[in-house]
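A short write-up of the structure that comes next.
The letters A, B, C and D name the chains in turn, as written, and every chain counts its residues from 1.
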Amino acid sequence: MRALPLILAAGLALLALAPLAAPYLQFVLTVAVAKGFAALGVALLLRAGLISLGHAMFFAVGAYAAAFLAQAVGINDFLLLLPFAVAVSALAGLLVGAFLVRYRAIFFAMLNLAVSMVAYALASKLYSITGGTDGLRIDVPTLMGMSLEKAQFDQALYYISLVLLAVVGWLVHRYLKSPLGQALAAVHTNEVRLEYLGVSAWSTLLAAYTISAALAGIGGAIAAVAIGHVLPEYAFWTESGHLVLTAVLGGIAGIAGPFVGSIFLELIHTVAVGYAAEAWNLIVGVALLAVIFFLPRGLFGLIESAAGVKDHRGETEL
Amino acid sequence: MRKTSFMRPIAAAAALLAAGAAAAEDKPESLNLGVFTFMSGGPAAYGMPGRQGAEVMIDMINAEGGVAGVPVSATYVDEAQGAEGVISEYRRLSEDPAYGFMIAALSSGNCLALAPIADQLNMPTIGWNCDTHQLYLGNDYQFFYRPNGNTIAEFMAYALYFLDKNPDVSRVAIINPDYSFGHDAAEIVKATLKAVKPEVEIVAELFPKLGSSTFQTEISRLSAARPDVIFSNMWGGDLENFIRQAAPRGLFRTSVGVFALGESALQSVDVPEGSIVGVLGDGYWMSPDAQEIGLAAPFAEAYRAKFDADPVFPSVKMANAFLVMKAAYEKAIADNNVEWPSKEQLAAAMEGMSTTTMTGEMTFREDNDGVVDQLVGTVAKVDGKLVMTDMARYDGETMLPPLGEDPIAWIGSLTPEFLAAMPKPGSYE
Amino acid sequence: MTALLKAENLEVAFGGVKAADGVNLSIDEGEFVAIIGPNGSGKTTFLNLCTGYVRPVSGEVWLDGKPITAMAPRRIARKGIARAFQIPQLFTEHTVIENVMLALAAHRGIWQAFAPLDRPDYRAEAMALLDLLKLADHANAMAGALPEGLRKLADVTVAMALKPRLLLLDEPTSGVSALERFPLMDTLMTAMRAQGVTALFVEHDMEIVETYADRVVVWDSGSVMAEGKPSEVMKDPRVLKSVVGA
Amino acid sequence: MLQTLIPLFVDALANAALIFFVAVGLTLVFSVLRILNVAHGSLYSIGAYVAASVGLWIVAAGLPAWLTFPALVLSAAFTALLFGPVIERTLIRWTYGKSEAVQVLVTFGLFLILEDLQRMVFGVQSIYADTPMALLGISEIGGIVYLNYQLALIGLAVAVLIGLRLFIRRSRTGKLLAAVVADREVSQAMGIDTNKMFMIAFTLGVLLAALGGAMATPTTGVAPGLGADTMVLAFAVAAIGGLGQVEGAAVASVIVAVAKVLAIYYAPALDAVAPYLVMLAVLLVRPYGLFGAGATRRI
């Protein structure tokens, strides 16, 4: 059991050092970590047996909130953009979730998809507010009032993202171990018993839904300033599908899984663009099926086995 | 996580080093370019001729020894993957020191997204096809240049041409793709009509999604509106689908189609004769100017040999973008008296540069927008081929608002006399 | 003295079959009441009605003189009625002790998002309960992997962890071999007495009812046919006919 | 007034016909297999590609043009037989009894694979095969020219709806399918070969998807990305009608089509949003769709 924290710490250190060895990886990894946050949000809901086919919507909400604050309102400091984006996406999650967490199984998936497609369609149609399909631009934000060159900012952003990964990851880990987090898996295995314990499955799920939306919002805000542009396609349903895929590929049991999945995918993508751009979806699709068939605990499951973790109690299987 | 504290100074030192080195660079083995265009999906019908134009022009440039003796090679990036992927690819290529110049992008949306990044990454970039006038509105880019003019000149030219051609027009319908390019064009056409012929009524204004495969309901809606003129700046597969679907339903028997990007589709669909088409600039390879300059004929010949088709204006635009890039390298080398220019020197050399392309003169204005003439004509069948006839060539300078003025407001200040002073259809043959 | 639980004229029907047809019943604090009756006579439906899982068409349920009719199960649970099920309802992918700790946490309020569920005080309390119900040896087994009899015990333990005023047990000895029934009931009784729980249990086994119940209620076609001390009720020929089938 | 209403009506029905084909297979597969096939849109676009390619080939080979009509149907049948049984036997069958998350993910993986396979087989350029449309000519209704092909499609959609009903009500296989829909366990206990029923239902779903794609080709272009766009529309329509409700899909197609046509006529800015706004409005009131019902759990 000791080995796992060491491996996680080593992984984080490796991430921190990677741009020194290969500077072009910094951008790729920033985006990967951003998407990892959103995938972590999806993984939370998967623990409750709920599959959201619309979570890219909250990623987009976070991104658009950041872009809106920066360009329309003119407040463009990353340390304000981030909390604002997270607050807006959490609020969106609370509102949407209040309606959606009454539903289970495929209806939950479909209703999420439905809401996300409305968001997608509105983002691409409200030309005067969202910039339509052109999207919105974000200039390089300041950092605590300091104006930085793009290159410096990108570097700062990357390390801020890693710090967030560690801190937020730890908080989510605590949440999952807490009664409220454990109740999440309980919704999946026996909702009737949970209700008979006097626990409202609705509020348990709503809390998780809101947290998952906030996580997606963190990712959206990071991606928005890293890429410098936000677009409706962030909310398209295939993006949502990719988030679920990322979470499952990495493994939903631990906090690290979705990030492992996301980094793995982005790195493979970077390589594949040069050699097999035509077959990128094919590769990902086959990888997904292989993981579902042969590695139900995802890539992170492999790391855990290597670390000698054998105790999988209290974990949700897909 | 303490890495940040000592990484900053390293990065700063690296940046200093790079700046020092910028003054004198060694000639590279080859000049690597990123070339961005649509290569899949409906938009590829427009984007692939662009890529093919690039291939032919690269062959031509390399056959003559390349750019200042350095052979050119290109990496093509598909814009159909969406702006997020396009941006990532642009960054990936730009951060690779092997790449010296970008020719990006086809779509206005992507240019809007890439221009600030070009400045952030100090990457000299030419927007080879995008036209939105919003690009340089209120933005002062150092590294992003656009040698093909903007939507203001382009769509004013169409409005003026069809008013001259059909003086009785009173009902106009607009169907444009749903993004900045389509919305901009609609604004400009409406503003121009309002200024020079205010009695014209806009009877329908539709913005189907870019990449729609079917327009049947839109066609019914347009038929019901009974317009004299249907203006559209759809392009690629959208344009081809629209014409294919609308023609059998008789839409063009009662209304004249104005297809702003229609020249690009003349070889692939039966664009109805009498439709008004153009090339968004002067890039028509058969134009009198092109024949006089003499570069277009060998280009077209090489193009035909390689792809068994005539070049269309996206091919010409792309080829012209390469010529502008070549001129920029030559000017930067001469200006700084160096073997090979730095990226900063290249960007500086393009400031205010003038050059002759395959099809006319191009001059960069202070805002980095290129001034080019506008060519509009009418489709007719000559020797079994659809070509542009009855052309008018509008002077680029007079079609652009003065720097710093709000373009739409400037159009509003025009008068019917402006129209009267314009060259007439058929004046350029 | 008001009855702990009181049901008045409960009526509900499923697809034309009356599962509750004017049920009247009351249970006093400290009582240990058994319900018997043929299959399909509406015994489980009565438990569902009392816990809000099924809403009556008409009639009222009172707890301590306050109406709880048609409240959601979780609200009724929070008011002090806990339930063990005929088919045990456990969190199968948690261990037995985690199941119990989750119930303990739920009793205190689930909104604890940062302190872990597995903390010393919960663990000690859960262990004590498991001890009481002779499940201590299986505390760390996965709930889904337990044999049927132990799962029923675990189900009761989870219900008891809610420190209920009234415990509803749905056939606690079904699926348990004849030899194990009395020891199982002994364990349950001891535990319930130790916790001062009032209980209502549905049961098929007449011997069990006679041995453990203070009072027995006989169900037939959705209503109470007879009630009283087990020894007296068992002499009623109608009861013998419908329940024992004699 | 009537003059403007007639085109609205015709356009709505023409749209509804195309939309119905998109959704009916998805909802049919769900009703029998209880699986939401995320790759449904890809099968639609493969049907379209096969039909368009065959159509172009017939014309290029100089064969009689009328052959393009049977070619549409045969292309769909070919697609269904090629993909239906194989996919059901391998991927889909493996997911029976697994959670919805696994089912959605497996079909999403299939979607990704099929999207790229299409690019590899059919290329990335948009293709257009409109011979059947041209052969049927035009009609004028309410002062607006319509393609007879559009009108024929309305008839075909109605015929398919009625045919499906008759198949399920009258034929032996259909009755067995209906039994599986009604109660899977009981029908299994009664000796119905549910595995065979699943394969038949899935193949029928693929056939309907491919037929939808094939029938659309004469009036639309086929290009990469068609599958993903089609998928969301199919989701929306199936959700509005109620997942698993064939008649619901028909009604929902008409509702979505009316919304879309009204938007194009009177509020063009909303055309792309219209189907989803309708869906949201319906689902807010009836979360399981117009004809659907949620399941309750027994304890």
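Methods note: contacts are C-beta pairs under 8 Å (C-beta built on N, C-alpha and C of every residue); 3 or more make two chains touch, one makes a residue touch a chain.
Just so we're on the same page, UniProt names per chain: A = Amino acid/amide ABC transporter membrane protein 2, HAAT family; C = Amino acid/amide ABC transporter ATP-binding protein 1, HAAT family; D = Amino acid/amide ABC transporter membrane protein 1, HAAT family.
Because the structure is a prediction, the values reported are computed rather than measured.
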| item | value |
| --- | --- |
| Contact distance in steps, from chain B to chain C | 2 |
| Identity of the most central chain, Cα criterion | A |
| From chain B, the most remote chain by mean C-alpha position | C |
| Chain B-chain D separation of Cα centroids, rounded to whole Å | 39 |
| Rounded Å distance, chain C centre to chain D centre (Cα mean) | 50 |
| Between chain B and chain A, distance of the C-alpha-averaged centres to the nearest whole Å | 37 |
| Centre-to-centre distance between chain D and chain A (centres being mean Cα positions), rounded to whole Å | 32 |
| Junction residues of chain C, two or more chains touched | 53, 89 |
| Multi-chain contact sites of chain D, meaning residues that touch two or more partners | 119, 269, 272, 299 |
| Overlap residues in chain A, where contacts from two or more other chains coincide | 124-125, 127, 192, 317 |
| Interfacial residue positions of chain D with respect to chain B in the complex | 4, 7, 10-11, 14-15, 18, 119, 124-126, 128, 130, 133-134, 138, 143-147, 150, 216, 219-226, 260-261, 264-265, 268-269, 271-272 |
| Complex contacts: residues of chain B adjacent to chain D | 39-42, 44-45, 48, 80, 178, 204-209, 211, 213-214, 216-218, 220-221, 223-224, 237, 240-241, 244-245, 248-251 |
| Chain A-facing residues of chain B, complex | 1, 3-4, 7-8, 11-12, 15, 78, 82-84, 87-89, 91-92, 95-96, 108-109, 112-113, 116-117, 120-121, 178-180, 183, 209-210 |
| Chain D to chain A touching residues, read off their complex | 30, 36, 38, 91, 94, 98-102, 104-106, 108-113, 115-117, 119-120, 228, 231-232, 235-236, 239, 243, 269-270, 272-273, 276-277, 279-280, 283-284, 287-288, 294, 297, 299 |
| Sites on chain A touched by chain B in the complex | 12, 16-17, 20, 23-24, 27-28, 31, 124-125, 127, 131-135, 137, 139-140, 149-152, 155-156, 159, 162-163, 166, 227-229, 231, 233-234, 270, 273, 277 |
